[in-house]
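These are the structures in question, set out in turn.
The same chain A turns up in both complexes below, where it pairs with chain B and then with chain C.
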Partner chain A sequence: MSTLLQSKTLGVGLGFREPFRSDIFLNRTEIDFLEITADHYFDANEAKQKELELLNENFELIPHGLDLSLGSAEGIDEEYLEKFAELVEFVQPEWFSDHICFTRAGGTNIGHLAPLPFTREAVAVVAANVKKVQRVIETPLILENITYLVRFPSSEMDEAEFLTRIVSETGCGLLLDVTNLYINSQNFAFDWRRFLDGIPTESVVQVHFVGSHRNGKRLIDAHSDKTEEEIWEVFREVCKRTELKGAVLERDGNFPPFDEIVNELRQARTIMQTN
Partner chain B sequence: MDLLFENPIAQMYGPYFLAVYAVFILGVVIVLAIAKRLIDRTDRLPSPAIPHKIDPYEIAFLRGGINELARSVVFSLVQNKVLEVSNSGKDSFISRSKDQVAGNLRNIEKITLDWFGETRNAKDIFGKSGLVVQLKSFADVYATSLEQRQLLTSDESAAGFSMFKWIGILSIAAAGGYKMIAALMNGRFNITFLVILGVIGVIAARYVSKLPRMTKLGNAYLERLQLAFGELKVRATRESAAVGQQMPSAQTTFAGVDPLLLSVGVFGGSILAGTMYDSYNKAFERSQAVSASSCGASCGSCSDAGSCSGGSSCSSGCGSGCGGGCGGCGS
Partner chain C sequence: MGLIEQQKFLAKLYTDDTLRKSFIKDPAFTGSANQLSEIEIRELLSIIETEIECFAESLYFKRLHEVERLLYLTARELKHDFRTHFKVFSNTFIPDQVKKHLQDALEFSEFLESNSEIEPWVKDLAKFERCRLEFHNFERRIVAAQLKYDIRERSKDPLASEPALRRTFAVWLRAGNRTFHFIR
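And now, the complex of A and B:
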């Protein structure tokens, strides 16, 4: 955490997606930084490398990984870690992030972010993997909470305690996805305020936000909807409890006209500045 | 005098001298080409950030000089419906719209609109008393700013390189001239190949020592702009795709710049082919063809960076980054 405390406040950013490329340059004053999906720039072809250079010359960038698989008992894929390290070296970000989950099992990529059981053993696995990452990449790593469709009966604690223990064991900051928190709270009928009471909110460095998507009886994190008031409420509460260094709108599909994106960024900025 | 014309070079057997002379010319040309590459060190500089408030006219000027500047201003006025284009036979005419009232125009747009007080043939825009003359002061301001940012080759760089160029050219001419006089003094008049080789050498030296209008940094910056706004071009032209439809008014985004005008600035008017602004595109295609075929002296006079960075646009740098919008020297 000590290095994270020295990180500068970035403000309100946007998850970079290719269809946004022109609009982000037309609306530069509205975007304080960009979060890039790290995996898109590993083994980059010439076009992606030029895109990375263009973004890096014009914006603060935060690499966000999908596949470190910090919850894999088999450990971190060294080749993947090496590529991540090269990207971080090139971008020189204030921090970088990945998820508290596993994406690989038995050497196979399972293609999605799979949740971990909330056990002491899982905490130990994550802590060991994070230590390995920290040995290779000095830049602070922050960890993101994910959504889940099932909760493991084997869990020994609730998610808030699980996250708290991981923060305490690793010294990492949190990337709190307020949409994921809200979705989980609705799908599993818990109070997100009590969740916030249970985590060290001073460790929250950055948040993700976007609208939730209803799929039958459940909410899912499709990243395709406008941020709804309920999620702004979670965002507001987080801002009241801690001084965020960054907030990122994470829109992946059903792209609206860009002025809608800009309006959401403005709203986030207002909340961050007034809470 | 004896030594001057009685030495191994002066008396060298003609074909041998031609071989030596050819090697000498090649050496001079290579040295000039290397010096030209070395004089532009701007590739070591970081590419400039894309400005928060972007000016499509400045980008058009960077890309293709004053003619591209004029084209983009005319497009803006066509888009704002204060100018109309009509194509008739081989000619294209641009006139003020009767019904439309000009809104908030920039100075450069006002002057352009005033120039269209009467109906003009599109090709006249680039003529000696054309719109480009009216826009010269704006072009000079853009040129100064772009030179200061090292995106265009400055007059100072061009003047500095000029000395190398002339040393190279004169050394080729002097070596050939000396041998020619020596041959004539010795009563040998078969100097045709020597003259041909000398002329080729001088032309080659002149050709390789033309400094591009845009610096390496300028090219990199334009490439970055084209990457940044590639998506915008696709979207803006798609939205204006249906030829014959009612033309929409220019839009302003949050950044206060119309996406299609910016796309024309960054990529050139050729992106409008097949859109509802096709008549504008055709008008300039025609005027470009006319200008290119009649460029003559004006083309040669500004092929060097030093003589045209202040405004003229027929440059060797054009080909590298025009996006198809400025062919020929009339562009």
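And now, the complex of A and C:
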């Protein structure tokens, strides 16, 4: 965390998606920084490389990975890590991020973020993998909580304690996805305030926010809806408990007119400044 | 079983319909064949029909939606059959590259092109989309597709009549920063 404490505060940013390409330049004063999906720039073709250069010249960028698979007991994919390191070297960000999960095992790529059992063994696996990443990339890594549909009866602790132990073992900051937290609290009937009581909120460096999406009985993280009041409430509470360095709106689909995006960024900025 | 073995089994369970069905049907046999202890079998059995099945379904729909987006013309023509064919395909292929949705779309297109149940002109549409994706994603200087049907009108308008049997060439070219595409 010591290096992270020296990182500058970035403000309110937007997850870059191709349909936003022209609007982000037309609304530059509303966007403090961009979060880019790291994987989209690995083995980049000429057009993607130029896009990266253009974004890097005009915005502060934070690379966000999808597939480091920090919870893989078989270890990190070295080729993936090398590509991530090259991107971080090029972008020179304040920090970069990935998820507390596993995405591959035994040669099978699951294709999405799969949850870990909340066990001491899983904490040790994440810690070992993070250390390996930290040996290759000096820039601070922050770790994101995921939504989950699977919970393991063999878990030895709750999620808050699991995250706390990981933060303690790795020295990483947290990327707290307030939408994921809200979704999990609704799907599995727990109090998100108690969850916040249980984690070291001073370690939260950045948050993600976007609306949740109802799919039958469950809420899911479709990243396709406007942020609802319940999630703004979680955001407000996090801001009361810690001084965030960044907040990112993570909208992936069902794109509204860009004015709506700008309004959400403004609302986040107001919350960060007044709390 | 340690976490490493558990993750290997879970990764297969999340992505393989057949394995999930066989585990539900005969947990003791499938579990022990995958080195699961009795306790582990009981644990997974207690969540397989609710949580694991639900997660597996979400993974499947995520793949499907990405491939529908990349092969939008083919998806538009096949309608519900697109999903039926993708269900079969998804059990035979799991992408393993960084650009997994692109890999999925390219492989699925080839799967459709070799499928005898698909109308020949729809196969041409799938081929057209595969070539377009290859051109735009792999920095090729030139990509050409020889098609049996003239898909030009139908690709622009889903209400246009079915494409006529007429040999057609679709070509994508790159010269410096500029790209060109024509279909004749």
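In this section, the second predicted complex is superposed on the first by the 275 of 275 C-alpha atoms of A that agree within 3 Å, B and C clash if a C-alpha of one lies under 4 Å from a C-alpha of the other, contacts with A are read in each partner's own complex, and residues count from 1 in each chain.
Operating definition for what follows: contacts are C-beta pairs under 8 Å (C-beta built on N, C-alpha and C of every residue); 3 or more make two chains touch, one makes a residue touch a chain.
Everything numeric in this text was worked out from a predicted model, so none of it was measured.
J.: One more residue to check, A:S168. First (chain B), second (chain C), both or neither?
T.: neither
J.: Between chain B and chain C, whom does A:T9 touch in the aligned arrangement: first, second, both, or neither?
T.: A:T9 contacts neither chain B nor chain C.
J.: Using the superposition described at the top, determine whether chain B or chain C touches more residues of chain A.
T.: C
J.: Is A:T270 touching anything from chain B or chain C once the two structures are fitted on A? First, second, both or neither.
T.: In the superposition, A:T270 contacts neither chain B nor chain C.
J.: Applying the document's definition of touch, where does A:Y80 land relative to chain B and chain C: first, second, both, or neither?
T.: Touch status of A:Y80: second partner only.
J.: Answer with first, second, both or neither: which of chain B and chain C does A:N254 touch in the superposed model?
T.: In the superposed model, A:N254 contacts neither chain B nor chain C.
J.: Would you sort A:S72 into first (chain B), second (chain C), both or neither based on which partner it touches?
T.: A:S72 sits against chain C, while chain B stays out of touch.
J.: If you stack the two complexes on chain A, which partner ends up touching A:I110: first (chain B), second (chain C), both, or neither?
T.: second
J.: Under the stated contact criterion, what part of chain B meets chain A in this complex?
T.: Its residues touching chain A are 46-47, 49-50, 52, 54, 223-224, 227-232, 235, 253-255, 257, 259, 262.
J.: In the complex, go through chain A and note every residue touching chain B.
T.: So the residues of chain A touching chain B come out as 18-19, 21-23, 25-30, 50-51, 53-54, 57-58, 258-259, 262.
J.: Which of the residues in chain C end up touching chain A in this complex?
T.: Touch list, chain C to chain A: 2-4, 6-8, 10-12, 14-15, 43, 46-47, 51-52, 54-55, 58-59, 62-63, 94-96, 98-100, 136-139.
J.: Can you check the complex and tell me which residues of chain A touch chain C?
T.: Checking each residue of chain A against chain C gives 39, 42-43, 45-47, 67, 72-74, 80, 83, 102, 104-112, 114, 117, 119, 121-122, 125, 148-154, 218, 220.
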